[in-house]
Each structure stands twice: as structure tokens, then as C-alpha cells.
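In C-alpha cells below, several structures.
After this come two complexes, each holding subunit A, first together with subunit B and then together with subunit C.
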Partner chain A sequence: MTGTQLEIQLIAAIVAIACAIPGVFLVLRKMALISDAISHSILPGIVIGFFLTEDLNSPWLILLAAVTGVITVVLVEAIQKTGLVKEDTAIGLVFPALFSIGVILIAQKANDVHLDTDAVLLGDLTFASFDRISLGDIDLGPKSLWVMGIILSITIGLLVSFFKELKVSTFDAGLSSALGFSPVVLHYGLMSVSSVTVVGAFDAVGAVLVVALMIAPAATAYLLTSDLKKMIGLSILFGVSAAIIGYWMAHLLDASISGSMTTVLGVIFLMVYLFAPDKGLIAVMYRQKQQRTEVSLLTFLLHLNNHTEESERHINHLNEHINWQRVRSQTVLDLAQKNNMITITDSIVELTSKGKEFTDLALEYIITNKDEKIEHMKDDFFLFRG
Partner chain B sequence: MKKIAIRVDDLTVAYNYKPVLWDIDLTVPEGVLMAIVGPNGAGKSTLIKAILGIIDPIAGSVSIYDKPYSKQRKLVAYVPQKGSVDWDFPTTALDVVMMGTYGQLGWIKRPGQKEKKASLEALEKVGMLPFKNRQISQLSGGQQQRVFLARALVQNASIYFMDEPFQGVDATTEIAIINILKELRKAGKTVIVVHHDLQTVPEYFDWVTFLNVKKIATGPVKDIFNDDNLTKTYGINYKVAVNQ
Partner chain C sequence: MEIKEYFSLVFSDYTLRTITLGTAILGAICGMLGSFAVLRKQSLLGDAISHAALPGIALAFIITGTKDTNLLLIGALVSGLIGTFWIRGMITKTHLKSDTALGLILSLFFGFGMLLLTYIQKQPNANQAGLDKYLFGQAATLIEKDVTLMAIVTGICLVVLLLFWKEFKILLFDADYTKTLGFNTRFIDILITFFIVLAIVLGLQTVGVVLMSAMLLAPAAAARQWTNKLSVMIVLAAIFGAFSGVFGTAISASQNNLSTGPVIVLVAAVFVLFSFIFSPGRGILFKQIRFWQNRRDLKLQKTLQFMFDIAKTHEDISHPHAIKILNNFQGFTRGSLKKMEEKNWVEVKGQKWSLTQDGYSAAKNLYTQE
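Up next, the complex of A and B:
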């Protein structure tokens, strides 16, 4: 690995972390689309800033563009407040308008400089390490590393200082306001940080993909944890993993680095969406199937409890009378047998004493509406789950 | 004469220039357990939010023990409607209660052992200690309401505002909550509750405010909780079975 490669990965990782942190709060505030709006509408700010400073990494350009980002939020909220359109419509109205101004400005004035529409949309990390800062003869490293490093340090500093305020205002804006932590101040603080981060990351990953870096890690982490601090930690982990893996994928495929990073993020999300232990698709489906079987078992046991006559307790009767498919009745029978709740002699099913006890308790809880207790009772009785 | 805990003068609140609360004058003496009743859209929640500065009135003023609310925040605890927050938020019951301590801490300072201990005690008081590490979406509606109540208790305030604390809770929780509110009153606190169930007003509360955009009446339940005021507030001849 060469020094340049290492530097690019370092920049990518820092961009990923800087995006992941505000991303967590945007996702929790159901404002994911706002990051999309900001990332597009800062374009005119960047272009105008570029005309004035002629330097894509100038702090003035970053501040100017970030102000455009905050203006976007103000405009969206102003339109929304009229009550004539909903928030998503307001977002859809504001950012294309600002973005198109930026596109026209580029086409008109910036044709001969390093600021073209491709770079704006997708960014370019490959050349990030060529633009360097030096002090006299000493090389201090790539400029964008410094810019993003400073933005990240500020973000982390603000996060650590105002973590509790951000948490309470995100969870319960009313309480936050009553306690004296103005939700408006915190909201615009978060919007400013997001805007600055987007502008800083823009050069590296472009307007479209910066959204993925903000939203995807947080959305993935959300599926895995119910602790805000862990959610932030996991988001950072996913962002950095995607940055490193994405870099090497791009290297292998000779493809765009930002594109590969985003693809990796998508794959990580898909994996977690499928396999997350609690909220994942497969876990949910498994739980539903298990619950279905357990409800069937309960129905079956109650039926046995109600009928002493042998004709009602014949195995074939399950298929006919209770109207289950053969596979399902087999599953239910197996489950009941495994848990020693029934015995089968000559195809006649009989409740064991354990089965009887279980059924009586269940009946009592059903009558008294104590659904939670049934769940507990299942845990006590079942050695094997369906 | 008892001290005045809350004084509201000429308060008017409007959404999009339509008044939701109109020229409200209200004084609440210290140490009462007061219900705010009125039909849907009467501005009950809005009144609380305006007193707490969560929404800005277009006219009028509010004072808590003779000073503006912004100077008296630490004397006041607030329980918003349960439906006003996202219960899927990644946090635990204990953590939600800890949020009640944030006001005393102020900006930047973080909660420590002292705040944690107080929060655990508050959870204990509402019978939710066994659920302290439970993710809040895993709690039932009644349990969520208890957590909110614990969060208000931990604020250790003089005045408690509660927005429909009995909404969507079972009978056991309702009794548990009202017992805690009565205990608060006994300790000399002032408790203001937005309430929907007129049947229970005489049983639960000693003070009541009738509200329907304007203030209809306010005073001791035994003096003013009558058909006349109910009819003025609800617009129909409202007969209630008063359990007294």
C-alpha cells in the first residue's frame, strides 16, 4: 500500500465518520430527506464561493455553502408552515430550484476550472491527495484531509458537549423546550453541522453519495441496537468499514471510489436488514412462524381439554375438524409431544398432566386477558420452541 | 390566604390567526390538584404549552410564583401527551427518566451517579424498577405513562403539568397514577392535569378549570363542578353522575 492509497482511505474514513454522526440524529428525527436537500442546494453556495475564493477547500467557501444549506432548511420550513403543502413537497420544491441555479452558474462561468457537473454529483477521491498543504518546505499532507479532519473534530466536540441536549430534543421536543433547551437552537445547530459536513464531504463524494454516507450507516445501526450511544458507534463503524472496503473494491474493479463505498453501504444494510437478530426480516418471520405454531398448539390443547370422546381426539380429526393442513398439524403434534404435553396411543391423542396444567393456566389467562402472562408461561413450559 | 402558584393574564394564543385560546385569566393557588376540562379543540393542551413557553402566545403573560416561567423552570415539571414522542427511539426506561434531571443540570453538564440514583428511586415509586433497562418500545401504554410520570417526579418540582396522563392506560395504572398525584398534593405541590373523564373529576381533583377557547370557570370542585358550568363548556345540557 502506497502513501497515497493510505491517505485516500484516511480521507474516506474521516468523511464517513463526519457524515455518520449527524446522520444518526437526522434519521431519528425523520429528516433523512433534508440531508438530500442540503447536499443539492449547497451547490450555488459552492459555485459562488468558488468564484470569490477560487479554492474549493477554502474555509470561506465552506461557510458560504453551509449557509446555503441552512437557508434550504429555512425555506422548506417556511413553505411547510403555510399549510398549503406537506414537508416532502416543500423539500421537493426547494432543493431542485437551488441546485439548478448552481448547475446554470457552473455551465455559464466555470467551464474552464476544476468544477464540473460530474465532480459535483459523484465527487472524486482519486485526486484528493494531490492538493496538499505545505509549510515552507515541509509537506503537511492533503488539504481535504485537514479540512475534513477539522470538521470532524468540531462535530465530535459538539456531540460530546451537547449529547444530552440533542438526545432530549430529538426524543421529546416539548420537554426539551420546557427544560430550557431550545429545540429551535438545537435544530439549527444540527442543520449547520450537517451543512458544513456535507460541503466538506462534497468534494470527496459528491452531492448524491454524501446522502448515502449520512443515512445508510444510521439506518443500519438503528436495526441493531436500542441504545443511542451504541447506535452512533455502530454508524461510525459501518461508515468506516464501507470506506475501506469500498476503496479496495474500487481499486480491484477500477471503478469510482465513492460509488463503491456507497455500494458497500447498501450491501451492509441489506445484510443487516435480513439477518439482524431482533428487527431483521428473517428473525421477524421466524418469530411470526413460531407464534403461529404456538397459537395452533394452544388451540389444539384447548380442543383436547374440551373433549373426552375418542372420536374428537383421533389424529385424523385434526385435519378434518380443526381444518389444518397436514404439515401444520404434524408440526403442532411434534411440538406437543416434544414438550411432553400429549401422548398418542393408537392414533388417539391424550393430554398428559403437564399438558393439562399448561392448558388450564392458558385458559385462565385468556379469560382474564393477561396476554403477557401467557408469554411468560410459554417460557416456563416449553423446552423446545416450534 | 394561600400563595398563588400560577398566574395567567390576558393570554391569547392563535394558530394561523385563528384564536385557540382567548383572553384567559387564571390564578391557581398553591397546593391544589386541578383538572382542566373541556371539549376537544378547547385549547387544554395549548394552555399548558403556552404557560410553559413551548408555544408563544400572541398576547398576555404568565407568571410562576410571581416570576416569568423562564426564570422558574426548575420549579416546574411537565408530562407531555404520550403520543407526542416516538417510542421507537433507541433508549431505555431509565434513560428517559434521567432526562428529567437535565433541567437541573443545565447545558453541557452530564448526569452522574446522583442523577441516576434519583431516577431509579422515581422508577421505584411508579413501580417500574424491574423494567429500568427495557427498551421503551417494549413497554405497554400504561408502563410508558408511568415512565413519563417518573420522569416528572425526578424533576422534584413544585408545580406539575400533565397532559392527559390517563389516556390509554388500564385501571390499575390509572389508580397508581392518581395516588401519586394525591401524594404530591399532600406534600404541598401544585398539580395541573388535562383531563377527559368528567365522571372522575370529583373523585380525583379538588380544583377544576372549565375551558373552551375562553375560560368558563375556575375554582374548587365542590363549588363550581355543576351542570351549569358543564353546559356552558360543552354546549349541551350535560348531566353527569356526580359521585359525591
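Up next, the complex of A and C:
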């Protein structure tokens, strides 16, 4: 591994971390799409900044473009406040318009400079380590490493100092304002940090992929934990691993680094989406299936409780009466028997005392419809949780 | 080329005619279907789908090795639909919210698409150039075949729309009621989503992946401001869309180095801005004017109420009083006094005013509305 390769990976990792931190809060605050809007609409800011400074890594350009990002947020909120359209439409109207202005400006004025429309969408990490800062004769490393490093340290500094305020305002805006932390200030603070990060990362990964780096690690982590600190930690982990694996995959395929980073993120997300222990697709489907059977069991027991005549309690009767298929009836019967709720003698089903108790509790739940009744029941009768 | 020249050439020049017709049809179908997207609060679905279509285009090229537009669009359609259903799965099966799901699909699919595109570019295959026109769109590459395809799809879409009109409408405004009526809501839902995806895919070649969502939203959002009726909104959106297409093409053709997609989007944005400000019912301007008017009326009535309170303590309600006593009363101005005189509520003589019988009964009925 050469020094350049190491530097590129380092930049990619730092970009990933810097994006993951604000991303967590955006996802939790249901504002994930704001990052999409910001990342597109900073383009005119970047182009104008570029005309003024002639340097894509100049701090002035980053500030100017970040201001455009914040303006987008303000604009979206202003449109939304008029009540003419819903929030999502407001977002969808503002950013394509600003992005179009940016694209036209590039095509008109900046055709022969480094800033072209491909770079806008894709960014380029490959050359990031050629643009270096040096102090006198001493080489201080790539410029974008410094830029992103500074942005990252500011983000971490803000995160640490305002962690509890951010936490409160994210989960309970009302409580937060009652406690005296203005949600508005925190909101715009978060928006500003996001804008600055997006602008900084823009050069490396481009307009659309910055969205992936913000949302995907956070969303993946959100499927695995409900603890904010763990979520931040996990998103950073996912971001960094995607950066490094993505780099080597791009190396192998000779394709775009940012595209391959996003693809790795996508694969990680897909895996977690499918296999996450509690909130993954398979777990959810399995749980839903179990719950369906549990409800069927309840229905079945209630039915038994209601009928004393033998004809209603014959095994074969179930298929006709409750309209279940054969397999389903069998599953329910097995489950009930395993839990000692029923006994079967000569194909006639009978409730045991435990089954009777369970049914009575279930009835009580149905009548009162209070959650605590059923929670209690779940503990007393283990059903699947054996 | 001047804009005037463009309009004189548009009927005779083959290329211009094709492109203009193409963008017009595209604008119309997008406006039509975009109305549904906007009203269903799925505005950003279009953005996600259009980005999600990119890997489909790239994969279709890798598999077939041809650049036949129709084949690539089928790839885009498939991957767009996969994206749509995955978004849906995420929202219903996990606790991720719709914004996160949209953002995820949008960026992850797009990133994968970009990976494939850059991978294709490096392949020793002479046939590959030009796939990136799907990023920003290139209306100039439209040929008659593409336009015919668009026209056919628009036709089918219109027929389906008319056929399922009441189902679409009822699902839009009251999904639960639709279900209780026994309609297959799932089928209707999928049908309309399918057509939205189809419209997006058709537009990819012209306005590109990135800006496609605006094409869908902007005409519909503009049309929404002028009416509260679905049918009118859809017709208006189609008209706005078509005009954005034509004007956008005209402007970009009349200037050098101006790509059509962004210009169309900006023209559509101008339509939206105009509608936001000037629509008589909902527009900001008239809303503000109505607000001022109401405030003036209220002030007038407050003054009248104040006069009434004074007048009713006198035997003769038209007993003259000094204007001075109104001075420290909020809402009173010379203008309001004059207006009240016009309405025949008061009579002003010199520095004195007196309430008329009309004014007295108007004030009496102010709160009771008898």
C-alpha cells in the first residue's frame, strides 16, 4: 500500500465519519431528505464561490456554499409555512431549481476548469492527495484531508458540548423548549453543520453520494440499536468500513471510489435490513407470523370456552367453523397442546384449567382493551418464548 | 438563434420539431401523473425513483451490450420499480421513516449506478459512450421513435386514467373508505405508482436522473394553486408541463451551451413561483390583500362599536360628538371616518360626528348578526 493510497483511504474515512455524525440526527429527526436538498442546492454556491476564489478547497468557498445550504432550508420552511404545498413538495421544488441554476452556471462559465458536471455528481478522491498544503518546504499532507479534518473536529466538538441538548431536542422538542434549549437554534445549528459537512465532502464524493454517506450508516445503525450513543458509534463504524472496503473494491474494478463506497454501504444496509436481530425484515416477518398464530390461538381458545357441545369442539370442525386451512389448524392445535392449554380425547378438544385461566385473562383484555393486561399475560404464558 | 427564429423554425425543422414535441408530451404526462404524486404526499418518491433507475440503465447495457433506448428504459423501469417496492417494504416492515427510506434508496441505488457507469467507461468497448446523458438528460438526442413511444405511453396512460378515474380519485382522498367499499386498493395503488415510475423513466433521456423529480412536481404544484378540483388540476398541470417543455426547449435552443433539462426545470419553477404569488384563491399576494382588507374592516367596525357605545348613552342617537374623543381610540383614522360616512353610518359636520339610524342598527347587529 503506497502513501497515496493510505492518504485517500484516510480522507475517505474522515469524510465518512464527518457525514455519519450529523446523519444520525437527521435520520432521527425525520429530516433525512433535507441532506438531499442541501447537497444539491449548494451547487450554485460552490460555482459562485469558485468564480470568486478559483479554489475548490478555499474556506471562503465552503462558507459561501454552506450559506446556500442554510438558505435552502430557510426557503423550504418558508414555502411550507405559506401552506400552499406540503413539506415534501417544498423540498422537491427548491433543490432542483437551485441545482439547475448551478448546472447552467457551470455549463456557461466554467466549462474548461476542474469543475464539471461529472465531478459535481461523483466527486473525485483519486486526485485528492495531489493537491497538497506545504509550509515552506515541509509537506503537510493533502489539502482536503485538512479541510475535512477541521470540519470533523468542529463537528465532534459541537457534538460533545451539546450532546444532551441535541438528544433532548431530537426526541422531545416540547420538553427541550420547556427546559430552555431553543429547538430553533439547535435546528439551525444542525443544519449549518450539515451544510458545511456536505460542502466539504462534496469535492471528495459528489452531490448525491454525500447523501448516502449521511443517511445510510445512520439508518443501518438505527436498525440495530435504540441507544443514541451506540447509534452514533455504529454509524461511524459502518461509514469507515464502507470507506475502506469501498476503496479497495474500486481499486479492483477500476471504477469510481465514491460509487463503490456507496455500493458497500448499500450491501451493509441490505444485510442489516434483512438480518437485524429485532428490527430486520426476517425478524419482523417471523414475529408477525408468530403473532398471527398467537391471535389464532386466542380465537380458538375463546371458541372452546364458548361451546360446551361436543360437535363444536371436534377437531375437524375447526376447519369449517373458523375457516382455517388444515396446516393452520394443526399449528394452532400443536401450540395449544404444547402449552398444556387443551387436551384432546377422541378428537374432542377440551380446555385444561391452565387454558381456562388463559382464556379468562384474554377475555378480560379484550373487554378492557388495556395494554398492561396483555403484557402480563405474555409473561405468564410463554407460548413461543419457551 | 433568436427565440422568434426558433418559433418560425419549429414547424419546418425536423430536429427542432421532434425535440419540442417530445418535451411537450413529456411535460404533459409528467404534469398529469405528478398531480397524483403531489396529492398523495409522495412528491419525493419521484426523486428517489429517478435516481434508482440509473443502475437499471447501466445493467441493461452491460447485459445486452446495446444502446437501444427502449432496452435501457426497460432496465430503468425494472430497477425503478424495485426501488419503489423496497421503499414501501422499508416503511411498512421496519421502523425507518419514509424520508430515510427515500433518501436511502435514492443515494444507494444512484451510487451503485455510478459505480457501474464508471466501470463501463473503463471497459474496452467502443459502444459505451453516451450513457451519462441519462444523468442530466439530452433532449437533442430525441428521435422520432422516442417521441412516438412517449405519445403511445401518454395515450395508454390517459385511457387508464379515464377508465379508473373514480377509483384513483377516491383512493387519493380517502383510502380507508375505498377499502370499505370493496375496491382492491392495492391494485389501484400499484397501478398509479407504476404509471408514475413509467413517466419518470420516459423523462430520463430528456431531463436526466437528477432533475426528473422537478418535472413531475413543479407543474402539479403550480396547478394545485389554481383549483380545488382534481380534474381541473390534472388538465392544468398537463398544460403547465407542456408549456415548460416547449419554452424550455425554445430558450435552450436559442442560446449556446444551455442544456435543455435544467432550463425546462427553471421554466417550470417560474410557473410555480408565479402561481404561488398570483393565484387568486391561494396565492400569497391576494392572501395578503385579503388580510389587509379584513384588518381594515375590523378597525372600521371597532370604531363603529366605540361610537355606538357613546351614542347609546344618549336619548337621541344622532346627538353630535366631538371628533376629538375618537383620537385616543385605536383603529380610528380620518379615512375610516370618511368611509363610514360613505356607508351612511355617520354624519360629519365640522368637528363633530353623529351616528345615523343606519349606523346605529349596523353597530347593534355587529356581534349578533341578526
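The definition used in the following text is that the second predicted complex is superposed on the first by the 288 of 386 C-alpha atoms of A that agree within 3 Å, B and C clash if a C-alpha of one lies under 4 Å from a C-alpha of the other, contacts with A are read in each partner's own complex, and residues count from 1 in each chain.
Here, contacts are C-beta pairs under 8 Å (C-beta built on N, C-alpha and C of every residue); 3 or more make two chains touch, one makes a residue touch a chain.
What you see is a predicted model, and the numbers here were worked out from it, not measured in a lab.
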- Message: Output check: A:D139 vs subunit B and subunit C. Expected answer is one of first, second, both, neither. What do you get?
- Response: neither
- Message: Looking at A:D360, would you say it contacts subunit B, subunit C, both, or neither? Reply first, second, both or neither.
- Response: neither
- Task: Considering only touches as defined above, state whether A:E310 meets subunit B (first), subunit C (second), both or neither.
- Result: neither
- In the overlay, answer first, second, both or neither for which of subunit B and subunit C A:Q108 touches. second
- Task: Please name the chain, subunit B or subunit C, that touches the greater number of residues in subunit A.
- Result: C
- Is A:Y222 touching the first partner subunit B, the second partner subunit C, both, or neither of them? both
- Task: Considering only touches as defined above, state whether A:E54 meets subunit B (first), subunit C (second), both or neither.
- Result: neither
- Message: Quick check for you: in the superposed arrangement, does A:D334 touch first (subunit B), second (subunit C), both or neither?
- Response: neither
- Between subunit B (first) and subunit C (second), which does A:G174 come into contact with in this model arrangement: first, second, both, or neither? first
- Message: Quick check on the superposed pair: does A:S161 touch subunit B, subunit C, both, or neither? Answer first, second, both or neither.
- Response: first
- So the subunit A residues that subunit B and subunit C both touch are 30, 222
- Given the complex, residues on subunit A that touch subunit B span 28, 30, 83, 161-165, 167-168, 170-172, 174-175, 177-181, 222, 225-228, 230-231, 372
- List of subunit C residues in touch with subunit A within their complex: 38, 41-44, 46-47, 51, 89-90, 93-97, 99-100, 102-104, 106-119, 122, 132, 135-136, 210-211, 213-214, 217-218, 221, 224-225, 257-259, 261-263, 265-266, 269, 272, 276, 282, 284
- Can you check the complex and tell me which residues of subunit A touch subunit C? 27, 30-33, 35-36, 40, 79, 82, 84-86, 88-89, 91-93, 96-97, 99-101, 103-104, 107-108, 111, 117-118, 121-122, 208-209, 211-212, 214-216, 218-219, 222-223, 250, 253-256, 258-263, 265-266, 269, 273, 279-281, 284-285
- Under the touch definition given earlier, write down the residues of subunit B that touch subunit A in their complex. 16, 49, 52-54, 70, 73, 76, 78, 80, 84-86, 89-92, 95-96, 99, 102-103, 105-108, 110-111, 135, 137, 140, 151
